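Below is the structure I would like to discuss, written out as structure tokens.
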């Protein structure tokens, strides 16, 4: 049972190495989450507990993978930004993607009970993932702007759709009502028919979630049992606009040129 | 907040398509499972419950992904074989790898309690994955032989190592005792010092686990409430030799030339 | 002017390695050969000298690159088949493609005068190239059948087109006449209008050119000045059908299963 | 002879698309040019005619491929820089590499006679090529600095080596003399033994050749036969330092940040 005569099969392995000095984005998406959210009766258009669970998973991934400097999430997707200088697994694509997808998934099941204490997890959910390389800071900002604009567009639509459905329309009727409407039509519909001022809805739903690392001070005892100030990285969650410059000006530690 | 001006960033996405008409192997590996098995006090050299959990996860993956015709597992790794004609996700590498890794991980956490009812899961485990393409049936059989020979070599070593440690040696002493020993030296050591006949140990530990799909008959009621025989695929687990021809001769449905 | 501080730029180089144990096809195509053939007044529909020059270049490539076992050419394209076991440049794609394209191009200009002794080369022609991997013998034969069927279809059309043009029609009129015609319509047109029996035309035009290597005996003097028989590889050109089995049965040295 | 049943083989074609918004470098290298230069008795350490021929070929490539903004050559290699926005062949790697290698090779044979009027070309030379992607302007400048530093190091060595050989040493003796010497040792050797001031040697040999495009005015007659000033791009050859900022400051049209 000599292993050596079979080892030539290792020569068929191919690694694709992502280009150095590019921003790496790993985006993961829920597989079949339409059905998953139905089966687990997620609140519509947004289920706060489900979004908090997504954020918890993203935080765990960020703590484990040091090269991630920012994560952006909305609905059942999350994008992780690895810094340009990142040399994680020698920038081997399959290894980076599979590790991040696996960590995220594992945390989702692990932490489910904390976020849905009275709801059983009926079956194991799954995610898929992909990697994208962005050469310039501008490209990266445009990527994040794309995702946040997408969040806004989807959330405005979904808010209208579910308001119509909750008011008694069928899903088909709601779809018909919304077909061809502009953003301002939808804002108007929410206001006039449902007395909802869209801009008053929680920012988490309208903007998605941005996770960044921040250095904080904490008190600890040194070897001589004297209290000292130490520093550690913690993950901060915010739901602000990341399309305009303000956020980036306030976070020079992310080192993106404006 | 027009989404369209940012959508050019999609042009940076690159898909790598695996070559048609090749056997695809997706191999996943536990990340940091040495530490994970210590923390969860797995029995050494083999923890039956942990292996059964791995098999359960692989079974779930096989049921979800129809193109998988066989899976082979040992220790904290599993290899999934997708048939040559498979067109899953248009053979996009990242999508196939990430989906299988995610499904496996999700099931691992989900089913943990069933296999370790009295052991809490202390933290979420994770796996990484890779894809390999094998053009010929011979290449694929050699791949599987490589993994099964590897299983044997590792298990023989681990069986000796833990017998020595359980008998009172330190881990360093056990390593020293085994350095440079041949297979027959190790068999002899087990027999003379510990009265263990290696070949009597469970096949699951010596051969790993092979999962294949089989069509079985089952009784069902048709529209007219008459009992009829229907067919469905179930996953069968076996622990036999897959290096020699016998297994492949007994499974012509796998369509591997001998 | 220390070179070392800049050498990190080598890390940006990426090599794509073609999968082992697959047939490799390198296909090269003339760039802008419609214009090139006009400028150099190639005879239409086929210029024997131009085809002979293509074959001469392919022969030179085959002699230089030992792993090529067969080449197939038609019009301004040539396909080179490298055997499955080929490890040329470690199967690096860019290196293999660029070398073959360069050798072919270089020979085209170098040998031009021999094939067009009374025609000046007005400007340097160029070719592009690509690599394709075929896992099975069947896939490779289907590839070659595809190219030979393409040769037939194009040649039948071009033969009709140029017969019409040479008989006084404009190119637009010839195109109109042929629009929507079947193969048998075209055969009939050639026979009835131009008294051409398509099957009597030279096989080189109808089938393209197949180049293979054959071992031949030759006489040489050994160290003791005694005449001995030695063997060497020479390139043989033929214009036979390679879609049916006959050719492959007659060439078992190519080792393609039937 | 239906072509369609074989057309599935096109599905095996794989295109690798280079990442958008990166500088593309295509570097070509002479294959076996040590032997080629011996066979054609190139002057050592530098043959002016051979270098001029290389430059002529690069110029022809630049004129044909509009996206090339700069080319750098030394010895038997040339690097072509395609601008970041380049969308040539949709950025398909094999197509870009093979086209540039083929054009260069073709011009080399085509223009040989002009540069070596009294020297027959004994056999067709060939080149290979590769593509590299550089995300930032700095990376690109470092690439070019790497090649120019390499030119200097090789030329200093070769100048010493051939001075020693021309003075009567064997090649092995010359190698021994130079083993382990520093740059200043070599400068000193040239000066004291051969009365050569290295810095007085032609810049073309010490710096290599830089080709850029420049817009020039020329006089033409318009439709009304009136003389007008028109603009066209011409290729300029220079041999200056491109490691320091000066060159880049003088060429803002290249749009590299300093």
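Each chain carries a letter (A, B, C and D) given by its place in the written order, and its residues are counted from 1.
Here is the rule we go by: a contact is a pair of C-beta atoms (placed from the backbone, for glycine too) under 8 Å apart; a residue touches a chain by one contact, two chains touch by 3 or more.
Per UniProt, the chains are A, B, C, D = tRNA(His) guanylyltransferase.
The structure displayed is predicted, hence computed values, not measured ones.
J.: Let me check something: if the centre of a chain is the mean of its CA atoms, which chain is farthest from chain C?
T.: With centres defined by C-alpha atoms, farthest from chain C sits A.
J.: Which listed pair, A-C, A-B or A-D, shares over half of the residue-numbered contact pairs seen at B-D?
T.: More than half of the contact pairs of B-D reappear in A-C.
J.: Quick check: more C-beta contact pairs at A-C or at B-C?
T.: Between A-C and B-C, the larger count of C-beta pairs in contact belongs to B-C.
J.: Where the CA atoms of chain C average out and where those of chain D average out, how many Å apart are those spots?
T.: Roughly 30 Å, centre to centre.
J.: Hey, how far is the Cα centre of chain A from the one of chain C, in Å?
T.: Computed value for the inter-centroid distance: 52 Å.
J.: Express in whole angstrom the distance between the two chain centres, defined as the mean CA positions of chain B and chain C.
T.: Using C-alpha averages as centres, the distance is 46 Å.
J.: For chain D, write out the residues touching at least two other chains, lowest number first.
T.: Within chain D, the residues that touch at least two other chains are 12, 14, 19-21, 133-134, 139.
J.: So that we know how the chains sit together, what is the shape of their touch graph: line, ring, star, complete or other?
T.: Shape of the chain contacts: complete, all pairs touching.
J.: Chain D touches which residues of chain C in the complex?
T.: 1-3, 6-10, 12-14, 16, 28, 31, 60, 93-95, 97-99, 101-110, 121, 123-134, 139, 142-143, 145-146, 148-150, 152-153, 243
J.: Mind pulling up the chain A residues that touch chain D in the complex?
T.: 19-22, 84, 133-136, 139
J.: Over in the complex, which chain B residues touch chain D? Could you list them?
T.: 11-12, 14, 17, 19-21
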